[in-house]
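Just passing along the structure, written as structure tokens.
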Amino acid sequence: MSDAQHGYPLGAGFRAIIRRDLTSVWRNRSDIASPLVFFLISITLLPLGVDPSDKLLATIAPGMIWIMALLATLLSLDSLFRQDYDDGSLTQFILSPQPLYLTVLAKVIVHWLTTGLPLAIIAPLLGVMLSLPSGGYWPLVISLTIGTAIMSLIGALGAALTVCLRSSALVLTLIIMPLYLPVLIIGANTVSSAIAGVGAAQGLALLGAALAMAVLIMPLAAAGALRISSNH
Amino acid sequence: MSEPLLTLDNLSCERDGRLLFSGVDCECPAGTLLQVVGFNGAGKTTLLNTLTGLLPAAKGDIRWRGDSIRSQRQVFHQELLYLGHQVPVKPQLTVRENLLWLGALNPPVTKDAIAEALVQVDLAGFEHSPSFALSAGQKRRVLLAQLYLSRATLWVLDEPFTAIDKAGVLKLEATMARHAEQGGIVLFTSHQPLAMAEFAVLDLSQFQPAPGEAYV
Amino acid sequence: MAWQWFHRLGSPRWFYEKSSRWLVWFAPLTLVLMVVGISWGLGFAPIDSKQGNSYRIIFIHMPAAALALAGYYIMAIAGAVGLIWKMKLPFMVMKSAAPIGAALTVLTLATGSLWGHPTWGTFWEWDARNIFMLVLLFLYAGIVVLAEVYPSRDAADKACAILALVGTINVPIIYKSVDWWYSLHQPASIKLTGGSSIHPSMLYPLLLCILAYYCFYTLALILYTRREILVRESRTKWVAELAQAKFSQSQNASGGAP
Amino acid sequence: MSDAQHGYPLGAGFRAIIRRDLTSVWRNRSDIASPLVFFLISITLLPLGVDPSDKLLATIAPGMIWIMALLATLLSLDSLFRQDYDDGSLTQFILSPQPLYLTVLAKVIVHWLTTGLPLAIIAPLLGVMLSLPSGGYWPLVISLTIGTAIMSLIGALGAALTVCLRSSALVLTLIIMPLYLPVLIIGANTVSSAIAGVGAAQGLALLGAALAMAVLIMPLAAAGALRISSNH
Amino acid sequence: MSEPLLTLDNLSCERDGRLLFSGVDCECPAGTLLQVVGFNGAGKTTLLNTLTGLLPAAKGDIRWRGDSIRSQRQVFHQELLYLGHQVPVKPQLTVRENLLWLGALNPPVTKDAIAEALVQVDLAGFEHSPSFALSAGQKRRVLLAQLYLSRATLWVLDEPFTAIDKAGVLKLEATMARHAEQGGIVLFTSHQPLAMAEFAVLDLSQFQPAPGEAYV
């Protein structure tokens, strides 16, 4: 039986997890729709709570869209590892010969595909509703695409650290927010400067660099956190 | 005698600073079929979790093929199958989809192998049922189907007979016995009387600390 | 007796078989009404003095808005009937009404935005009725999603019915509060005001359009409900026999061709 | 044994649930802190995302505080019945001779005491951060106190309807948001009109009426929803 | 013979439109000790849930003291104790706090009664332990402590022996037998062989629909 040690296919588990999670999401299709809905609804709330005159809305539009995207991502994080923890799947991940780094990365990718990406795609619509000036649309979409990916990666660490807590949703907020702040500031600024005509290249470059770093570090850190959470 | 595959060397475990048991020595050569027994709270689950590396040992060491498991986690995990109290079966996936991902965590599984395993656990016909619509025993059977898919040498099973009906228990016992005969190792816990002929017993009640010594 | 009739009405099979007969004449009637009403409105009604041709959107927009709202109450009533008398069919009607209502709401929003572009100069304005329509869309979406995600069908029906019923209390409240909020913030809108100012030459096609929309709504509801019945009862004998009959029919047809 | 039918103490279960939930929350103290933290952090994000000039902030302050209080309440709703459903407590509630209405009401009261009330109390602090004009403080606190109670009650229905779903947090959002809208509009307006000098009495009266109605209807509807969710 | 307290009258149950069993008739006078048996997925849990009013019956009726339970839910629930698969024990509360609230759902409990019940289930000394630090069997014992607190006539127990050690199972069987002797009714499911002397058996395998008739 020791032949199992040789020729062990590394990618199999990675692919299986991606397939599993995508199927799960597809079965619960509302999973994709829901961060979107949160995003849509909270942007809709805005003009209801504050004076909806065009000029005011246009001023706060880039910031509000970014903030709401951040909150939507945050909301969907809690479920990232929760079910796997509760039903013992996490134990199986840890006891499997697959590197935990890959498993976490697979889960993060699915999370981004099903929350961050749709958010970025739908953002222009909300731009219209908040009368975003026309120069801001492309920078908004691109910065959100990169930014939500970073936020999913950072979020994985937060979710992993809090998965063993009974009521984690909000402890998570506390841990994750400070890490999200720079992303928010750079992202919102990229859009504003594009609208002001200064150009978005610098902001996007910064976001890109942050993404590269996050891909390397965050799944590793999250894997470590999961090992700790599981052992008690 | 053949050299032991798994060795527990003077193992002690504690929970929240309280010593549960100490000085457990045990050698398991290929072919071992070992039931861990003890009253509720004796530390059986803790022992199994420690053995697989999920929990740290308070004292002592666990060796696999001669080396401490901590120094060779990945190799050890390739030869390990652990089924615990919990049932990692996603309710929204069908039975077959669940086995596909569970199987992929260890060497590759084919759809045929899964169909075969489902026949073994009497779930043929349920391949495409969503798992939330299974009864308690059927859910555990999905988990047990992994026994027929896995190529692991060491099976660690925490109360595998829970919720399984009588015919199922007999079949499961036979499967465990066959795995041991073929050179595998099966460690399991159970409170039920068993019909199996031959198996060793490790009674944790005998390793409890003396009354005053639980906190050191 | 009246009660017997009422309970037969609750039987999906009875409804399926009866509605097959209704559809034979109802579907063509609806089609004719739609074609006549919309082509009269879009093609033959006179041009508006202030808005030019863009006002013609009203023939699609206004009836859609009216039905989107009415549809919510139809859905809620169906849910209430199902809850109170524990019948299957009303729940199927309720479930079918949700996507239709949502589609009509989307249509209202889309035509309204199209209309807004020439008249307001923007696709979207935070106007009381726009907001109300948007919220109605969310209310519908809530029911569609809830019906979709619930693990068991019976539970999904009852849960949606409860939500729809609570919604009926809330719809007027939402309407009022949106209106109230709006009147605090903004001057009067640019909308055409009141139905009374409409000239008869525009009113008649509009009324016809509304009638056509009502028929269309009923037709869509019947078709959706029939589909729902087949899906839910797919494993019963009568559906199996129906499928068998259809199958052998098509078999005969293709067999007889050469 | 049929004497159990007589002299059955109605309030016992009600008190026991309140005591139990308060103890639980106290054990996980972070449960109280966390909606507060979400509230605080998201208000803090605001000046980071949008131009932080005093005048702009003051204009959007009442609306933003109300919106964020709404989101914070929403976030904490998911856990209202979740644990009771997962561990079978809900079955025990339903099979107990205590009226389910009272049990739900007890849970809602604890929820409000541990989320809504703290939010209302801390709101003036956030008012200062967003330079809320001085006339707005009392109306803000009072409207939030009543408003969060209404939101807890409505939220109970949403939580009850979604408790049997695997990933409910965001379906919940979709269901609940439209029902929260009137509360938000009336609440935010009450504060704005108080600032504008029009007086807050009308808005507060409306909120009070809504509260009375919600107390009567919502726990009943939620109890019905719980019976449905549990039976499958 | 005494008049039956609980009557199942031509009971049929279905799940998602599939008929599980049909035509179950059963009369339980005071003193009944009835084990419901059947293979995994036969519908035992469904039967118990229907009996308590949690699930609707597809056909037939359930009567308590002669009247349908649907017409007198509250009275029926006062005399019912139901312990299911799940363990409604809050991890963050101590053992005693858990029993306090569980007890308060039915007629009042005192702290002394709780202490006494904990002795009965061998958990004396654990009153103030947080429940998350209990082993699987200890958690179920907290639940079982309710048997000693409740004044209900009808006990409905779904697999009460799960995770309980041998001594615990013997004691539990004795408790159930005593309750029946004292004029109560105990309905339970279990796949384990039992040591009890006398109990009736309801075998659900005999009420399964014929192959083609699961969907009507």
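Lettered A, B, C, D and E in written order, each chain numbered from 1.
In this section, a contact is a pair of C-beta atoms (placed from the backbone, for glycine too) under 8 Å apart; a residue touches a chain by one contact, two chains touch by 3 or more.
The structure displayed is predicted, hence computed values, not measured ones.
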Minimum number of chain-to-chain touching steps separating subunit C from subunit D: 1
Among all chain pairs, the one with the most C-beta contacts: A-D
Centre-of-Cα separation between subunit E and subunit C, whole angstrom: 48
Subunit A and subunit D: spacing of chain centres that average the CA atoms, whole Å: 27
Geometric centre distance via CA averages, subunit B-subunit A, whole Å: 36
Contacts with 2+ other chains: residues of subunit B: 85, 91-92, 130
Interface hub residues of subunit D, defined as touching at least two other chains: 28, 83, 86, 165-166, 171, 174, 177, 181, 185, 231-232
Set of subunit C residues in contact with two or more other chains: 138, 141, 145, 149, 151-152, 178, 181
Contact footprint of subunit D on subunit A as seen in their complex: 28, 30-31, 33-35, 37-38, 41-42, 45-46, 48-51, 56, 59-60, 62-64, 66-67, 70-71, 75-76, 78-79, 83, 86, 165-167, 169-171, 173-174, 177, 181, 184-185, 188
Subunit B to subunit A touching residues, read off their complex: 52-56, 74-75, 77-80, 82, 84-90, 92-93, 97, 100-108, 130, 151-153, 183-184
Of subunit D, residues touching subunit E in the complex: 1-2, 4-5, 8-9, 12-13, 15-17, 19-20, 23-24, 27-28, 83-84, 86-89, 91-99, 230-232
For the subunit B and subunit E complex, residues of the former touching the latter: 15-16, 38-41, 43, 45, 85, 122, 133-138, 141, 159, 162-169, 191-193
Subunit C residues within the subunit E interface of the complex: 152-153, 232, 235-237
